[in-house]
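Sharing a structure, written as structure tokens. Questions coming.
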Amino acid sequence: MIAAVSHLGTVLAAGDFTSPRVDYHALAPEIVLAAGICAVLLIDLFVGEGRRWITSTVAGFVLLGAVIPVFTLGVIGSDIRSMFDGRYVVDQFSLVLKALFLLVGYVVVLLSTNEIEEGGYYQGEYYVLLLSSVLGMVMMSSARDLVSIFVALEFLSIPAYMLAAWRKRDAKSNEAGVKYYLLGVFASAIMLYGMSLLYGITGTTKLTELGAKITATGHFRGAEALAVVFVLVGFAFKVSAVPFHTWAPDTYEGAPTPITAFLSVASKAAGFVALVTLIYVAFPQAKDVYQPFVWVISVASMTVGNLLALRQTNIVRMLAYSGISQAGFILMPLAVAGTGDSAESSLRAVVVYLIIYAAMNLGAFAVVIAVSRKTRSGEITSFGGLFSYAPGLGVLMTIFMASLAGIPPLGGWFAKFGAFKAVLEAGNGWGYSIAIIGAVNAVIATAYYITVMREIWMKPVPDGDITPIRTPGAVQAALVITAAATIVFGVLPGLVSRYGNLTDLTGAFGR
Amino acid sequence: MFLAEEAGATVAAGWFLEHAWLIPVIPAVSFAIIILFGKKLPMKGAEVGIASMMAGLVLATGLTYQWIVHVRGAAEAEPVIKSWVWWQSGGMKFGLGQHIDGLAVMALLLVTFISTLVQIYSVEYVRDDRRYTHFFAAMTLFSAGMLAMVSAENMVQFILGWEIMGLCSFLLIGHWWEERANSEAALKAFLTVRVGDIGLLVGVAILFGASGTFSISGINAWAVSGQPSHSVLLWAAIALFIACIGKSGQFPLHTWLPDAMAGPTPVSSLLHSSTMVVAGVFLVARLYPVFHTGLDINVAGQQVNLIAVIGGITILIAAALAFVQNDIKKVLAYSTVSQLGYMMMGLGVGAWVPAVFHIFTHAFFKCCLFLCAGSVAHTGSHHSFDMKNDMGGLRKKMPITFGTWMVSTAALCGLPLVSGFFSKDEIIDGAKHNNYTVFFVIGLIGAFMTTAYMTRATYLTFFGKARGAAAGEHAHADDHAHAADAAPHRVEGSASDEAQRVSGQSEAEASHPRQQGFGWATESPLLIVGPLLILATLAIFSGYLNAAPFHIEKFHHWIESSIGVSLPEAAEFEWINAIPSITLVAAGFLVSLFLCRAVFGEADSKLKGLTERSRLLGAGHRFLVNKYYLDDLYEKVIVHGVAHPIAQAAYWVNQHVIDATVDAFGRGGKRTGDWVYKNIDQRVVDGAVNGTGAAARGTGGALRPIQSGKVNQYGALLFSAAAIGALVLVIVNT
Amino acid sequence: MEFIRDQNWLLSLGTFLPLAGVLFMLFIPKKNELLQKQIALGTALATLGVGIYTLTQFDYGKSAKLQFFASTEWIPVIKSGYTIGLDGISLPMYVLSMIITVLVMIYSWQHIPSPGNPKAFFILMLVLQVGMAGTFVAQDLILFFVFFEIVLLPMYFMIGVWGGENRQYASLKFFLYTMFGSALMLVAFLALFYKTGAQSFSIPYLIEHGGSIAKNTAIWIFAGMFVGFAVKVPMFPFHTWLPDAHTQAPTAGSVLLAAILLKLGTYGFIRIAIPILPQAALKWAPAIGILAVIGIIYGALGCLAQTDMKRLIAFSSVAHMGFVMLGISTLTATGINAALFGMVAHGLITGMLFFVAGSVKERYHTLEIKRLSGMLLQMPKMGWILGFCAMASLGLPGLAGFWGEFPAILATYSPAPGLSVELFRTLMVIAAIGTVLAAGYLLWLFQRTAFGNVSPEFAGNGNGHAHSVGAAANDEHHGTDDIHDVNIFEWLAWTPLLVAIVVFGIYPQLMFKVFDPAVTEMVKVFGK
Amino acid sequence: MLVNNFLLLGAVLFCIGVYGVIARKNAVMVLMSIELILNSVNLNLLAFNQLWAKDNPGHVDGNTFALYIIAIAAAEVGVGLAMVLLIFRNRKSISLDELSEMKG
């Protein structure tokens, strides 16, 4: 007994265990979110069935509240706050993306409010899951370790699986959920195998050390290449890049539209964050592996995504494929991220693209939600003659579509422009070839975006019913935010590109 | 004044010489006035036009006087040149101005004078026409254009005037455009001339590119300076001459001129006989150094050259065609063509002064002839120009018209001691003197034919028995009423057109009470015969300005400074040399008279219907009637199914070479257009574009099976892609 | 290159003023059509006022320099600035765009085609105006690109919503064609940016440093820009969108398209492609020349094949722009001056022709040349206006059209040093033939439609007395009761154009003196 | 070296798992196959951890990673089974082939 105690004492004495220094300011967003999650849970427990809308309000405020520390951190300065021995880093890069995730989350909440309320689903749980998924993303943007990346990934995925299947009694929704789940888990399993190999080769899970050790011998060993590819596959799946995209259309179609918006924007962005982190921090040496790989999936995504989108009759499905091809464009700069001095502009291009893409795609979904409230249909033809009875929505949809098509002066053009600029800056064959392919694809893409505009402006109303659409306030707010962002980013790209101006971050990963 | 005057050396000369540029400006302004306010004026704008013409005439007269003084003063008369910078581009200046020398003075005087008379004449002739004001506006604008052209200081201004004339010609030929035929004729005229204009544009471009100036005096000086390479001059000359062929109705682009008779008679007399059509000749004369050097005219041993050949051919074919016309205006039209041929030939053989002099004289008598024809139609044949069916025996009814006609005919035929003789014979002599024997002969034959067809025309019109409208067969006359102006094709006019024209006739009838059994024809009113008398007088006496037989060479002195090159001294005139032409003229007269009496006269003769009996003559006659099949051999060949190789060849040549001008645009162009549009544009070019779109959608369809909806397949795809990717990269990188 | 920076707010004002009007109109209910129109027209007039003020303030002595020059930071990351300026080359087009917009609005006052909705129609026009004006003042490649593209959507909707039967196909074709062109153009711009050291997108800067690019690279970059601009011009074989777009577009659209939008392409050549990459231009000039001449002949043949008046005019644009490109391809001051003059002249004349075509369509409900006849009897004024425009369009001296064509032909005789003289002289002759073809189809059109007697189908109404114009023309209704002569709105919209055609025809110096210095400055590179 | 055997086993398990995911039509079986893969990963991690801990004791990254994976895998399976139940309740079958309403 005594011995035992004394033994314990010796252990404590011998063990050189020092609790890690925790920078609470840096962790504030995560903490706020965590607290919010609990708060929503409790509220959900205690408020009556009739007043569940409170949960959505609270969720919204939580997200906005989490933005505050992000801003304070950003204002305080660009000093990199690194914790847990550099495994969890808060720098401007992560701050920008945290802000993005939080705001996207907020817009999604706005979109969800009426949908969920009227759908008669469990509101409390819905927002809990949404918040936790956002929390996962926020963590992802700071994770600099294989483990934390993995945890963050699962943290944002698992709630997403459930949200996709949210409409319990709807077979399509179930199917969406299951497909997303099985493939997601499968992909992450493959990724994990790759990670295990990486760990085996380098003996560390910390990205910076990984970066230092990988291909230290100068030339690849087969295992390394295999590992790198497998890890990338995990995130290629998340960003729904061809040929890992197959889940996306089905899931998007089946899931509740706000969730579709969430998946197509936020979780895609999260995937890109992880990709960027890995590529820039862990695999700088491995560019011979990841560049060709990214090149191929990027080209495949643009092309296949476009060609399939041309055929779609369902607007959501069309947006899914358009999202795939957009992912191709976002990947484009990464295909040359390692060559020459294009590293910086590639990173910038990706971040800028993510921000603008979030704005315009969310906007598009917002309009889809607003319109489907009246038409109760997901068909593109259901937009027929929209301009004649709902000019506001018609114009907004036109703006978002044009922006996605990359027509100045709307945000989309600058996003694409940045991508092209980056690949051309590389100045090598890979760069030029993908630029040309991208240019051609950009034109093909306009074809299907414009079909939507054509429905809105030039086609008759399918069922002569031209009662104007009542758009709920929350959705209106979402529309205003996204539209404003889309236009402003297009007219004054200087703003967004300032946030995309991450020159000091590429170096910052190191700490 | 926005035009900055260029620091150009201008000799101090009289006021008129200094201000010759006013002459084109006045009509231009009055054109604007007529267009804007014409309809409101008491005489519907006619007075403005006439006034401006008279003003021009006054100025031109003063100009002429001062020029004569100027010439007498200086041994080598310097042209009075003024130039203002109009606009400049990339260092090159485009000017407006005046280049006043003998040639210009002559042309200015001529144009103002004739225009004045014709406009006065028109007041009566087109009275009550529904587009009276338009008519005078166009006439005035035409004069402006012509005057601007003849006094042009540089080639750009020249083109300006040239094109404006083309426009007016279009408007005036198509003046009665209710009938498709008239507008077709107008279109044909404009396009044919326009084909020639290719040459003008190209030629000017060449000259400018090579000489670096547009100024006419500059170009002429440069052409004789010997610095330009011969080939440049040759190409420039050829290009420009194409333009002259088009404008002056030379073979093979002459086909438009007869059709142009669709216009009102005053138009025919002003534009298509005396002034506009000589523009081509004028251009050659104006830039004679270029042509002379470029085509080696008068180089020892030269037998032929382009200008002379074209001129010569034109003389003969046109004259021959004149034989078979029943429309009096068309006789005159072909005669005009052949006279233009004389002028060209004259320039071609180096007889510059006679050629220009022929412009001068020809203007008077040919204009007079046309006006006579108009007079006849106006009050004699009830608006018909058909000599065979609607005229005859008018000499008693219309003595003045008859008299003036005879005088002018004499002049045209070149009877001794009237103007035509002094100009035409000089040309022929020149051809002989400069050793262009072929053209000497052609000239003689031409003289013979001229007399012959004019005799025929005269006989048919004024002698013999009154026929048709002339005889007062009113009903018969009426359906000719518009056909007269609907020449060349007799197309039934539409009701509205009929109405508006008949209104014109009705009072003409009212003023001429019809006697029973005989024609209602009487002499035309003063406004018509007045100009006739003046012109006839000049048709006689204008020749004496340069009458070689009497050693009068005033004209020669006044104008020779414009030649710009040294030409061989003209031959001393001897009556001996004139004998052949005179005899031929006489012969032509007698032969033709005999034939006419036989064929058309009352007395029975076995020559009647000869063409029907004798297949040979018949063929010849038909050949001529069909204008050598230039216009419609096509149909004939197809109809008669003649598959004879020669016929085929002729057909090909006629269609693709000679008459291709109009047809190329009319049919060929249209057809090519159709073909290109249908096959190339819509199929190939457009198809390619639409094809790609379809292809994209197609591939999209092909890709859809990937999205089978089966989780396992998705998983398989996912993993296999990962595995393959990994495998490849492993192999590549190790 | 130094700039004149005083009053540098002027161009921004002139460019963006229409947006103010758009803003107002957005908040005015659709019902209140009259107010909508008034605001739109008012804005356009105000803009034009600014334009005229610009004309008065422009220093013609220094028209080779960029004036009212303004340059501020816009997108620092990509080194692209908000750089605008105006010199002799852009001034005429800049003002012309404003004038045309006003006239089109006046014309549309009563001619809003179905499905009506003037609010949207006029808003689109104002947006279009911003794009057009902006393109002509932009001195930064990216800015230029943005404005160049802004034009796209409004025109797409104008054609697609207010157009003819086949409007959707036509509008889509127009859109995708142009997108394709501008995508390559953008890639070319970027390549230019990097090959000049990734310093700036500002055009003056690139003009100075364009020489540093390797010859072959330059040729490829030029190719990219060539496609981009050639589609817009349009040059053979990129022209097939034009006839459809023109034919289907509403009158206002066709006029804007013909008068301004086509010029964006040629302007791009003169402003960007040639000055920045003179060497490549020299290499490309023969190809451009040949394509231009093909365009001239080809367009003319296309015209001869047409049975529809509007389509004929559309094809004639291909031919006329061929002359413009021919002038450009000579790379001489004369040629480019001619091209610039031709741009404006074609804008005035073809714009006018489209106006007439629109009015004819509105009265007869058809543009079939076969069915039209005797217009001069029913609508003498309209008929003569058509004739006048036809004459101007076929290049009659004394009218504006001639000064675009003739100097181009002159210039082709002696192209810039280094270009094959033989080739260009051949081109000259073919181009001259083109003028005859032009006369052919235009007069043919005039003769068939204006001359002759009224076809029974439309006969039986007194000409002249005006009837009320129905805004929406329904095509089944062949009644002749609304066949009346030019009405007041048409007079208001047309008179300025007609006057301009005459004035510039009689005194071309008005325009030549504006851009001649700038062009002469520009072509110094070619030693001519 | 001992490690290779573990790795080999891991690889085998991985392949079996992948095969199961691709071949099995039954949702539960697929879930289990995925579990197999995860466990193969764990095996790898533990083996590698031994490898690296040889020269510096106290190196536990691999083990930690494995622990995380086990925990999260549990959560995943929980969600997965819940979904399977959901489907089963809605359509009385858990065959994946029937889950192909949405395609194309």
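As written, the chain order gives the labels A, B, C and D, with residue 1 at the start of each chain.
To be clear about the criterion, a contact is a pair of C-beta atoms (placed from the backbone, for glycine too) under 8 Å apart; a residue touches a chain by one contact, two chains touch by 3 or more.
The model shown is predicted, which means the values in this text are computed figures rather than measured ones.
*Asks:* Which chain is most central here if centres come from C-alpha coordinates alone?
*Replies:* Minimum centroid-to-centroid distance belongs to C.
*Asks:* Take the average of all CA coordinates in subunit C, do the same for subunit D, and state the distance between these two points in whole angstrom.
*Replies:* Comparing mean C-alpha positions, subunit D is 66 Å from subunit C.
*Asks:* Centre to centre, by mean C-alpha position, how many angstrom separate subunit A and subunit C?
*Replies:* The mean C-alpha positions of subunit A and subunit C differ by 44 Å.
*Asks:* How many angstrom lie between the CA centroids of subunit B and subunit D, rounded to a whole number?
*Replies:* 98
*Asks:* Could you give the separation in Å between the centres of subunit A and subunit D, each centre being the mean of its C-alpha atoms?
*Replies:* The separation of the two C-alpha centroids amounts to 25 Å.
*Asks:* Where in subunit D do residues touch two or more other chains at once?
*Replies:* 21, 30, 96, 99-104
*Asks:* Hey, what residues on subunit C touch two or more of the other chains?
*Replies:* Where subunit C meets two or more other chains at a single residue, that happens at 176.
*Asks:* Which subunit B residues sit where two or more other chains touch them?
*Replies:* 693, 704, 707, 709, 711, 715, 719
*Asks:* Touching pairs of chains, all of them, please.
*Replies:* Touch list across chains, by label: A-B, A-C, A-D, B-C, B-D.
*Asks:* Taking the complex as given, what residues does subunit C use to touch subunit B?
*Replies:* Its residues touching subunit B are 173, 176-177, 237, 239-241, 298, 300-306, 332-338, 374, 376-377, 391, 396-398, 402-403, 406-407, 409-414, 428-429, 432-433, 435-437, 439-440, 443-444, 447, 450-453, 507-509, 512-513, 516, 519-520, 523.
*Asks:* Could you please specify the touching residues of subunit B with respect to subunit A in the complex?
*Replies:* Result: residues 693, 696-697, 699-701, 703-704, 706-707, 709, 711, 713-715, 717-719, 721-722, 725-726, 729-730, 732-734 of subunit B touch subunit A.
*Asks:* Across the complex, what residues on subunit A touch subunit C?
*Replies:* 348, 387-388, 391, 398, 402, 405, 407-409, 413-414, 417-418, 420-421, 424-425, 427, 435-436, 439-440, 442-443, 446-447, 450, 453-454, 457-458, 492-494, 497-498, 500-501
*Asks:* Hey, which residues of subunit D end up touching subunit B in the complex?
*Replies:* Against subunit B, the touching part of subunit D is residues 18, 21-25, 30, 96-97, 99-104.
*Asks:* Which subunit D residues qualify as touching subunit A in the complex?
*Replies:* Going through subunit D, the ones touching subunit A are 7, 10, 14, 17, 21, 27, 30-31, 34, 37-38, 40-41, 44-45, 47-48, 51-52, 59, 61-62, 64-65, 68-69, 72, 75-76, 79-80, 82-84, 86-87, 90-91, 96, 99-104.
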